[in-house]
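Would you mind keeping the following structure in view while I ask a few things?
A, B, C and D label the chains in the order they appear, each numbered from 1.
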Amino acid sequence: MNYFILTLFDIILVLTMLWLAWYLLNTEDIFKAVVLFISFGLLMALAWVRMRAPDVALAEAALGAGLTGPLFLSALRRMNRTRKGERRLDSDENRGKDPKTGPKQE
Amino acid sequence: MSWMHTVFALILLPAIATGMFRILKGPTAADRMMTAQLFGTCGVAILLLLGTGMGTPVLLDIALVFALLAALATMTFVRRTWQYSSKRNHGNPIQ
Amino acid sequence: MEILYNSGTLLIILGLPFFLSGTVGLIRFPDIYTRLHALTKADNVGLGCIVCGLALQSASWAVTAKLLLIWLLVLIASSASCHLIARSAMQKNIQPWTRP
Amino acid sequence: MIRDHRFVKDFTFVSFSPQFFFRILVFSTVWFVLTGSDISSWIVGVPAVLIASKLNLMLAPSSHYSISLSGALRFVPFFLNQSFRGGIDVMRRALSAKQLLNPGLVSYVTLLPEGSARIFFVNTISLLPGTLSAELHGNQVTIHTLDRGLPIWANIQNLEYHVAALIHISSDKKKSL
């Protein structure tokens, strides 16, 4: 009985993950992709649990959802700022120069 | 091992799958992020139930990590991504 | 012992509809603020019921304490992030939906 | 530079204030819950607990009021009851065929002292039936409500009274609530 239900659980989990992964790779909106990636990390941790690897699941939950997610979100903000043509704080070429006359970034 | 808990976990799984629609549709960025939070809470519940259903109490620790880190993503989103995005230009993809 | 176990099962069954209605609310409600209501309240109560049910069924005190700690963490995290989202939505001048 | 100096001085574990002791107690309990009855885990646990309590004391400076035990004992059932009702309320609105929403914004001025008490109050509002704290400006809380027909003022005043009983507030302040 338990085996049957767990198999059903696996099938739904795998189908949801495939669906998620398809949209994640297919979407044009980067922010949407990041949120889908965070959700995918959470489901991947569940999948590792079902594969009887709780230690990998712990690492996946901590790294995939907890660390890469915020990292991507921060990177997204920085990317937007660069795209808008503002001076990037981390580029050494512009430091000390007037941002308007300095070399333009593309 | 008890199959009842596995059934409960199985019932909660569609709740996660349905939340996907809000990520795909959500008009604002915050709606999408809220769904990630829903995934976190539902994931905690599923892990707790599976831990009893599969007979592996280690899953409690994973649920603990879930509970802590799902909030971290939301807070990074509010502080770093969302705050600065729409005041200065409106053609931004994040709104 | 049997009574404790069965009442735990009942509590878990009681908790499931809250989760499902939280998801339904997230899909159906019209704007950010109302969706936040659905997400935080329904999910926290659902998780509370499930945690209490599992705590009644668990054999050891350590597991019970850990379950309650998890619930407390989820409670703090979700109410704080709910307030943060609502607050920055207000600051961005997103108007709440009102009945026409 | 002066700030750095104080930072170093804070790390001397000479003065064991009662607040520091209380924090050590709390964090030791958390560590015990996390690791179970394994003795060898305390090799990592003791430094972790000490550092956590010191950091906590530095980041969140001690407040002037203390938590009253009887207030906490009365707060827990109140909170559980109210949040359960909140869950039922949201479930009813989400599952009914008709749309039962009538949302709006309400402004409320709180009398609670600034600091952790007010933050706690604002965060608890979000878990009560039909209310969600949307903004906090000084002592003014903007509340989003699901239904303008609900007795929001009475509910929130009740909550404020319970939070005030949770921390020791002088009785004249409590009367004015």
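In this text, a residue touches a chain if its C-beta (ideal position, glycine included) is under 8 Å from a C-beta of that chain, and two chains touch if they have at least 3 such contacts.
Keep in mind it's a predicted model, so treat the numbers as computed, not measured.
Centroid distances built from C-alpha atoms place A farthest away from chain C. Rounded to whole angstrom, the centroid-to-centroid distance between chain B and chain C, based on C-alpha atoms, equals 12 Å.
Chain geometry summary: the mean Cα position of chain C and that of chain D are 17 Å apart.
Chain centres here are Cα means. That of chain A falls 32 Å from that of chain D.
Centre-to-centre separation between chain B and chain D, using Cα means, comes to 23 Å.
Residue positions 22, 36, 44, 46, 66, 69, 80, 89, 91 of chain C are each in touch with at least two other chains. Of all residues in chain D, those touching 2 or more other chains are 34, listed in ascending order. The set of chain B residues touching two or more other chains comprises 16, 33, 35, 61, 64, 68, 70.
Chain contacts here run in a simple line, from one end chain through to the other with no loop closing. Inter-chain contacts, as defined above, occur between A-B, B-C, C-D. Of all the residues in chain B, the ones that touch chain A in their complex are 1-3, 6-7, 9-10, 13-14, 16-17, 20, 23-24, 29, 32-33, 35-36, 39-40, 43, 46-47, 50, 53-54, 56, 58-59, 61-62, 65-66, 68-70, 72-73, 76-77, 80-81, 84-85, 88-89, 92-94. Across the complex, chain B is touched by residues 9, 12-13, 15-16, 19-20, 22-23, 26-27, 32, 35-36, 39, 43-44, 46-47, 50-51, 54, 57, 63, 66-67, 69-70, 73-74, 77-78, 80-81, 84-85, 88-89, 91-92, 94 of chain C.
Chain C meets chain D in the complex at residues 17-18, 21-22, 24-25, 28-31, 33-34, 36-38, 40-42, 44-46, 48, 62, 65-66, 69, 75-76, 79-80, 82-83, 86-87, 89-91, 96-99.
Of all residues in chain B, those touching chain C in their complex are 4-5, 8, 11-12, 15-16, 18-19, 21-22, 28, 30-31, 33-35, 37-38, 41-42, 44-45, 48-49, 52, 57, 60, 63-64, 67-68, 70-71, 74-75, 78-79, 82-83, 86-87. Listed in rising order, the residues of chain D touching chain C in the complex are 30, 33-34, 36-37, 80, 83-84, 86-91, 93-95, 101-105, 122-124, 126-127, 129-130, 132-136, 142, 144, 146.
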